[in-house]
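Note sheet for the following structure.
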Amino acid sequence: MTALLLIIIPLAGAFLAALWPDNKSRPWFLPAVGSLHAALCFRLLLAPPRVSPEAWVGFDPLAAAVLPAVSLLFAVCGFYAVPYLQMREERPNRVFVGSLLAVLGLLSAGHQARHLGILWIATEAVTLAAVPLLHFNNTPRAFEATWKYLLVGGTGIALSLLGSFCLGYSSLHGGGEGDLTFVSLMAQGAGLSRPWVLASWVLLLVGYGTKMGLSPMHTWKPDAYGEASGIVGAILAGGVTSVAFTAILRIRSVINAAGESHMADRTLLAIGLFSMVVAALFLLGTRDYKRMLAYSSIEHMGILSLGAALGPLGTWAALFHVWSNSLTKGAIFLSAGNIRRASGSPSLDDVRGMSHVVPRSSAIFVAGLFATTTCPPFAPFFSELKILGAALQTEHGAAAAGFLACLLFAFFGLSRVVFAVVDGRPHPRAKSAGHAFRESFGFIAPPLLLLAISLWLGLFPPKILHSTWSAAVAQLFPG
Amino acid sequence: MEGRRGVIAMLNLLVGVAMGLNLLALGCSRLPSLIRTVATQGMVLGLMPLLLEIHRLDWRITLVAVATVAGKGLVIPGLLRRAMRAANIEREVQPFIGLMPSVLLGAGGTILAVALAGALPLLPEHAELLLVPGALASVLTGFILLIGRSKAISQVCGYLVLENGIYLFGLLLIKATPLLVEAGVLLDLTVGIFVLGIIIDRIQRAFDSLDTRKLTSLHE
Amino acid sequence: MTIDWILRIALWVVLAPLLPGIINKVKAWVAGRKGPPVLQLYYDLNRLRKKSVVLSDIASPAFVVAPAVAWVAVASAAFLLPLGPADAGVSFRGDVLLMVYLLALARFCTAWAAMETGSAFEGMGAAREVSYAVLGEAAMFAAMLSLCVQTGSISLVDMLEPTSAVGTALLAAGLFIVLLAENCRVPFNDPNTHLELTMVHEVMVLDHSGPPLAAILHGASMKLLLFAVLLTTAVLPMDRFSPAGAVGALAAGILLVTVGVGLTESFLARISFRNVPLLLTMAFLLCLFSLLVAWKGCASALGSAGVPPASSGRQDACAPGDPLPSSARAWRGGAA
């Protein structure tokens, strides 16, 4: 029941926010609902509820291993949203606040879905609910980004439905009764019809991979992240992608049970490394610091996919990386949003010397750069170290070498852009725009908090998280 | 037995018609005829659940059929026509991939679909149906339209053909799984197109045309 | 036997000129005009019969001979076609090929005669006619192949009689487009215009006069009837009807096709020249799809229940790996 509350509360909040009359006070719904959701989530994490095997929705170990990170990210972003939306009073925020809360509720549903159909419906609904968020800025470029997002994302979601049908039919062909919960699909195991399982894996990987932003289905990502506001980017990069990753993990466990784990591992490894290579190459070329964040996100999705390919050990590390990536990405997205506000442009052609204009945001941006490019002692360093260890332990030496090379090139690309933004003498135009933007407490504290959590996860990882990740791995790899 | 054979023949006939409409959609040089083709295909598909379950017809199946015919055949094409009129765009489709190459590609895709479907085992009660090749052919046709057309409305039509293919496939599962999946499809499809319609409206205001080739300010 | 043959020839010769009359009547009716009488072509033919022939100085005797040969070729092709309860005049294995080639021979002769005058116009018309035919013939062959696979026979009598519903709609659509193209109707060509840029068939016969022109016009109407019969018998399951019912169904089918042509001409515009290949390719692909569907349906229907054990050889022959088993076998038999 509490698990359902995680879905109901944000949706009810969205409904209320849509009815709320006052534009100025409406943003407070975001931190209020976000904190409530996070509190509930962590309570469930500390005292895991019993989930009956045939439940369609439930706070099972896998949900417990991922959802609290998303919830935490959302709560912090909610606090950031209040000053952000109050600064942008000229834009009505009824749809924005409502959609953002609906996204949170649907994300909770997606993470907790234990049924193939529910999982698909939740993912589709998240895709649609995120549309108004993307064209909040109401510029032609935002429309263009929204169109691409909808077209590519819609196609991906359609393919994942086709894949779900294939998996359903494989169960039917193997003598199943049409019960599409993951538990019963796994129980059917080798009884699933093999050609249909292969077809469904390809389609589902492409479908949910599109949502996750794995290359070559990543094309919507730079546009969407580049045009959306920082807070939307943070939620998309930290929340929406993680629900797709959870989906892939759940489906992978069915494929494993069907005896096709070798094939699944190889495809995940290939697509993961390919994403990292593509992201690293684009990072070396981009001249837009918000699109840079999108490519960095693609790179980290590649890392997650790579981790998932490396058996139980790698999956454990990938779950760790979901946390470290979500929180670190949140910090860097929010600080980039501040810089974007202060400079008035996302392009390196117009932006430089921001350390003079917005010194605190610039400091967080640089720290976020180091955190996200695997510098100790932030959490991504430790999670990626674990993935590297898993690669070496499972004798994937070449993959490990490629992984390290991509990380190196990504570091070159990211640091090139970040220091071009921060260093130098400010653009004259940026100075005047910078006066309009004040680095108040509300704009600085949330990214700083996220960075602090990332540091804490790296240095003093709590025992409860370790045991939750282990439980999730045990759920995915039974026996 | 004889009755069942007749039903199967009728269903296969409808799948055949849908495949022919795929080809027609690829060969359409004007938007209104493209929309009409896609609408016809949607209506043909809407009839199929009725035929498939003709002996055990209940209100759920009837609802799916009625909703499909209304949604795919009337509402969505109506919205598309309205968007087309509102935007006051030229009626030519202006393909990236020429009409002839796309028709040939579509035919190749259909042959590929038939070959692929041969590799997938079916339950005895589905063995004589052509649903799987029809579904795969429609999905491939949808992709060709999505990739090969520049106007937003023709891309939406391509997406609809893609959805139609998935719907065809879903018919295989209509008995076994609860209606949930099908209902989800219909709901989300309608909502999706609705949102697309709004977007089209906005794009039009922003660009004064529905040509996605002008959506190129975002690139590396 | 002889009486049957004479009756058959009489039926084809007498009934054929009715079809263009019906088409023109339908068009006139849609447009709200009175239109020419249904028997107009008969009057025209009678008038042409009495006229003398104007011959160009440079034309060889082929100018007169070719229309005659073309007429005979079309009539022979018509002879091969089964007419409901009355089977074909002549029937043997592979007669379908002969029919297609007789039609090609007729076209060759008209094109040849057109070029005899040495006029650029006729040459252009002939070039168009032949270039349409290249694609139309491919569609025609695909349709025939599809019928072969469905019935496992390459004799027109067997091929056209029992047809399954599978893919019939595709086949009908494809054959209808072929009919329009082969008979130079809208949307491929507007038979009413006499502008040199839009004509196809009419421009070829501009310099003919007198009885040869009558032969050409009558041959064209016979070709239209031939395609209408082919389409009707390919779509309708003729063997299910009683003899009287079959005659009625055949007549109704022909009438329906004719009215369909008339309505098409009333509601469609002629498509631009560069789109013609697209439409014909589409017809080809429609027939090809019906072939695919037929092959697939044949494989799965025989693969499941309902096959008597005696015909297990057939079952192998219709396996998915081998798309054209029965006809291929028949071929080998024919060669031996």
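Labels for the chains are A, B and C, by order of writing; each one numbers its residues from 1.
In this section, a contact is a pair of C-beta atoms (placed from the backbone, for glycine too) under 8 Å apart; a residue touches a chain by one contact, two chains touch by 3 or more.
Predicted model only: the values in this text are computed from it and were never measured.
**Student:** Please find which chain has its CA centre nearest to the centre of all protein CA atoms in view.
**Tutor:** B
**Student:** For subunit C, which other chain has the most distant CA centre?
**Tutor:** Farthest by centroid: A.
**Student:** In whole angstrom, what separates the CA-based centres of subunit B and subunit C?
**Tutor:** Once rounded, the distance between the two centres reads 34 Å.
**Student:** Where the CA atoms of subunit A average out and where those of subunit C average out, how many Å apart are those spots?
**Tutor:** 63
**Student:** Give the list of subunit C residues in touch with subunit B in this complex.
**Tutor:** Going through subunit C, the ones touching subunit B are 164-170, 173, 275, 277-279, 281-282, 285-286, 288-290, 292-293, 296-297, 300-301, 303-304, 320.
**Student:** Hey, which residues of subunit B end up touching subunit C in the complex?
**Tutor:** Residues 9-10, 12-13, 15-17, 19-20, 23-24, 27, 29, 99-100, 103-104, 106-107, 110-111, 114, 118, 124, 127-128, 130, 133 of subunit B touch subunit C in their complex.
**Student:** Sort out for me which residues of subunit A touch subunit B in the complex.
**Tutor:** Touch residues, subunit A against subunit B: 117, 120-121, 124-125, 128, 131, 135, 140-141, 143-148, 150-151, 154-155, 158, 161-162, 164-166, 168-169, 172-173, 176-178, 180, 193, 195-196, 199, 222-223, 226-227, 282, 285-286, 291.
**Student:** For subunit B, which residues count as touching subunit A in their complex?
**Tutor:** Answer in residue numbers: 119-123, 135, 139, 143, 146, 152, 155, 159, 162-163, 165-166, 169-170, 172-173, 175-178, 180-181, 184-185, 188, 191-192, 195-196, 199, 202-203, 206-207, 212, 215, 217-218, 220.
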